[in-house]
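After this come two complexes, each holding chain A, first together with chain B and then together with chain C.
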Partner chain A sequence: MRSKFCIISIMLLTSCAFAITGEEIINHVDDNLTFNSGAFENRMTIHVGKEVRTKDFISYSKGRDASFAEFTDPPRDKGVKYLKIEDNMWMYLPSVDKIIKISGAMLRQSMMGSDFSYEDALESSKLLDKYTATLVGEETIDKSPCYVLDLTAKVKDVTYYQRKIWVDKATFVPLKEELFALSGKKLKVMTMGDVKRFGSRYYPTRVTISNLLRKDSMTELITIKADFNARVPAKYFTQAALTK
Partner chain B sequence: MFKIALRNIFRNKRRSILTGLSISVAVMIAVYLWSLISGIMDDMFDNMIRLNVGHVRILNKDYIKRERMLPLEANIPNYLEAEKVIAEDPDVTLSVGRIKFGVLLENEGNNKPVFGTGIVPAAESRISNLDKKIVEGRMIEDDQEEMNIGVNMAQDLGLKLGDTLTVVTQTAYGSITAMNLKIVGIFSFGVQSIDKTTFYMPLSKAQQLLDLSNSVTEIFVYVKDKNKAPQAARTIQAALEKAYPGQYTAQAWQDQDILYFYMTIARNVYGGLYFLVLFLASFTILNTMFMSVLERTKEIGMMKSLGMKNRQVMGVVLLEALLIGTIASFIGAIWGAGVSYYLAVVGIDFTATFEKMGTLNFPLSYVYRAIFSWGIIFFGFCMGVLFSLLAAIPPAIRAAQMEPTEALREI
Partner chain C sequence: MKKFFLFSAIFFFLAGAGHSQFQLGGSYENDIAFVIRPGGSPTLADVNRLRLKVDYDPGSNFTVHLEPRYYCLIKTEDIPLIGVTDMDKVVWDRYYAKAFLPLLSVTAGKQRIAWGTGYIWNPTDIFNTYVLSFAITDEEKINVEAVRLEIPLGQASGLDGWVLTGPSQKKGLRAKATLGLFDLGLSYVDRADGTSQAGLDFAGDAWLFGVRGEVVVLSGSRQMLVMLGSDYTFDNGVGLSAEYFYNGLGQSRSANYDWTSYYAGAIPALARDYLYLGTNKILDELTTVNFSLLANLNDESFIFYPSYARSLAQNLDIYLQASIVGGRVGSEFYPPPSQDPTGFAGSKLLLMKVKYSF
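Take a look at the complex of A and B:
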């Protein structure tokens, strides 16, 4: 009885303390991280144990639904292309001149050997479509005051049943995210940094992700160049662009 | 006494022949059964050594823990350096690196999980005899984007010589990777699990495909005497431990595979079966000897009343059994030798059976061949004699214990 009372009083207190709701925060985050079109130059650094591998790629996006990426370095991966249209993903392998559709079990596998899975790369729908967000507190990360949000899946087909997100109060850019399985096991930890301002939006140009199921593994993704006003020709978002 | 025993045998020819025949048949079955079992066992061990493990296998310690997953990242980097360490053992005759990896092969909509193996083509004639098992086309050559596939895999996926197959798999770092390989040869080892699910490609190309330059996942080591592999494994292990502390493990073929464990069990089961056959045969001998003792109750009574001692009566019956047993076992052993010889040369073809059973992940050949060995035949003969003698003991005791007066009264 006593503990029940405690919980209720904490719940009352928290809802009074924050004027902003979880959903509003996530909406702000979405505003920052989605764009109508963009052109990027990126560098992915994969750390596994002592080994470090760097991969460069350029990417184009159109809205939430379409994106295209082409690897330019190292020579081994040069010419590898990915195309994502809505929930579909294709990969082009220049060594055999073949397009492979990434589907089924493959989606959960590592993308280019990184800690990102194909599924992570595919994720495009708004978080609020699949999760209910609750503001659970405030914490400070790297001197930035943050909202702490708990997201719980409201649909079944999600890889991460639960997410915990730390969102910077000033910029509405998430600075840290933890991803959990239905069992409660922590699967991945992401951190976002080097937040830069592009017009009215704040965008993290450095993302690190650790797949906790892999031993000693961390991937860092740096956006070297970002152009949110780029006019990206539609031809990039077709399968024909893969083989060119 | 010997005369009496001999006379007894010839007096009732039908009974003697019947007893002898049952002994002969039992010995024959025992001989060829054991030949066949030895043949199957040897074949399994031989296949296992040639195709799966080598005499001693060097692996990364992390690899062993997850061997079923074929973890490419737990490999042996700069394996040529490690081979130098291995070569320091004077018993080593050959060491060669390999990479085994999983692939989902796809051809015209047929998907099939198979195992790719990167090999050094030149060394393979001393390992798997791949060069002699090519039934169509030729063996792969080093540094070429070529492959040899098993005859059953070709059937299952509808592939033929000259086709190019796209092999899609993951690199040691988890990226998707692919290579076009031309089928230059089709092999048939006569081993279901290999012919159906394995393809061979040059090691250098496998390294390129899997992003494993200068690395392999296993090193097969061959030593002068395969029975001394465990000692060699210890020597190599010690040398590797010195050069690469805590990195690698050297496993002798005798103590690495779970398969070996099963095979030991199988050998015991077959051994038990063998003795069961002899045991059942000894019952027929027991039975016929009892019959012959009962039939001759009167006779025995007579002998006893004429002053024959118990020991002598027993001796007559046992001698009779020994004589029949020896002759019958000899005949049986010759029959058994004939059958074993036939099975050793021609073998029993299980192709049809295995096709019905589907893929077995067991290194069994399609054709079982027995081993023809004088040792097995002689052993069978001795067992025959021994069991006939043993089976004659209870009736002999019975005969000895008869009361002469009672025995004479019997009709």
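Take a look at the complex of A and C:
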């Protein structure tokens, strides 16, 4: 009797501890990180050993499928623009006044010399559309209690087959993410910080990413200004905007 | 020396200018070139390149772009360097005004009209059909004086038409659209010599490969120009790229090469079949290594072009490049003395470029 009581108690306690499911957590994450419309000013800082390069760009997003970015600094990159519409991505190079389609495995290449690949930038669908989420535990990151989730791809066309995500219990913002290849090799590590509240959403204004295939390299992306209610004209999400 | 001070004064004065409607930028590049003749001693050349880019945007619907350049060559003797022409004078490389109207945009002036999807060969682009893109900077491609109309139709479709305003009355029209993961273009060019060309170009995804192609049919000779290309990037970041070019205007035997038409620009290349292979590896975020091989499949001559690029500081880059040609004497890349007015056939080239952008 006593042992049955113990077992039932443990089961109840366990079910209370994981009262929220992995899918529900990821849904909250998606609510924070996806938006209908947004205008941003960003700074990308690339660290290679002790050397640092910074790049500034403005970006606009509309829904999940359309985004536009224009680099404004440094001078060598000024005027380079990117347009993403659904699964297509184009780059405009002012030096040749030409729009170039970024396709195939070129999407794996570094974007503007950073640890971000074009694929990272292209990724916009809800995590649950492509992954199954399993809550595997709880840990603390920078004094913030987090849910720890394993995400495994359920479709083939994903950049990373597995992801491990630490989600802040209080804000449902991921604070750390590890990205794995199909072979199980860890490819990249991301951290998110400086979480700010914009209306009802929490958004990390500082993201770092390290490509583990490279030595001593890390890219930091700071959102200097964010407007989630911006009315971005539809003309930005056209190829015509690239050459303007 | 006087020239150097004038050059420096313009550079530093303009580098500090700036205004919200009036934007000034550009680059200064110093190239040190060693040309090593077969069995000979190195010849040295030092090329200084100053390029300014001025944009005036008085409103959101109108912009004026001016792009003068000034090249200064300090040399031991006349040597041929790709993209080094019009020394010691200001050349207006691009100057145009562009108006953005509700349904279309109009660009008038000297401008770049870049069609096609190829890296080395762009048969649909009659101005830059064949460019050693791995060896020259983007800015060195040919610009033309034209009036151009671009009419967007939806997010990724549209019409693009131009008419040259110089002595030649060439004109062209291209319709482009995106279908699934493919960009498609159909083009027509009136070459103003009684002939015309119709073209098709595409770029897109095939599994994990990027694929691209261009096909042109020429009305006069009834010949075809075809470019097919593909690229792939491995998980470790090594990128591979390949392009094949079929030149219907070329010859499969080197003895039949039409050097006169080639030098006159009447044909894009001498031979019939070409292959480009390139590989690149980003060593870290600041360093890239490239190896390029351009081969004439008919006479088996080639250019091998390794290069190394490194960002030295925020606005300062260095490039180390080499050009090694191979093949028998009389082939395209090792031409016979009668077709080599420079006397530098078969030479090796070593280049060190330092570029400051402002």
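By our rule, the second predicted complex is superposed on the first by the 228 of 244 C-alpha atoms of A that agree within 3 Å, B and C clash if a C-alpha of one lies under 4 Å from a C-alpha of the other, contacts with A are read in each partner's own complex, and residues count from 1 in each chain.
Keep this in mind: a residue touches a chain if its C-beta (ideal position, glycine included) is under 8 Å from a C-beta of that chain, and two chains touch if they have at least 3 such contacts.
All values reported here derive from a predicted model rather than from experimental measurement.
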item: Chain C versus chain B on the shared chain A, clash or fit after superposition; value: clash
item: Touched partner set for A:Lys169, first chain B, second chain C, both or neither; value: neither
item: Touched partner set for A:Met91, first chain B, second chain C, both or neither; value: first
item: First (chain B), second (chain C), both or neither touched by A:Arg53; value: both
item: Which of chain B and chain C A:Thr243 touches, first, second, both or neither; value: second
item: First (chain B), second (chain C), both or neither touched by A:Lys126; value: neither
item: Chain B or chain C, by number of chain A residues touched; value: C
item: Which of chain B and chain C A:Gln109 touches, first, second, both or neither; value: both
item: Segment of chain C that clashes with chain B, given the candidates 26-34, 62-70, 152-160 or 188-196; value: 26-34
item: Set intersection of chain A contacts, chain C complex versus chain B complex; value: 46, 48, 53, 76, 93, 95-96, 98, 102, 106, 109-110, 113-114
item: Residue ranges of chain B touching chain A (in the complex, touch as defined); value: 73, 166, 168, 170-171, 173-180, 211
item: Complex contacts: residues of chain A adjacent to chain B; value: 46, 48, 53, 76-77, 91, 93, 95-96, 98, 100, 102, 106, 109-114
item: Sites on chain A touched by chain C in the complex; value: 46, 48-49, 51, 53-54, 66, 74-76, 78, 85, 87-88, 90, 93, 95-98, 101-110, 113-115, 181, 187, 213-217, 219, 237-240, 243-244
item: Touch list for chain C against partner chain A, complex; value: 25-27, 100, 105, 111-114, 117, 137-139, 141, 150, 152, 154-156, 158, 178, 181, 183, 203-211, 230-237, 239, 282, 284-286, 311, 314-315, 317, 357-358
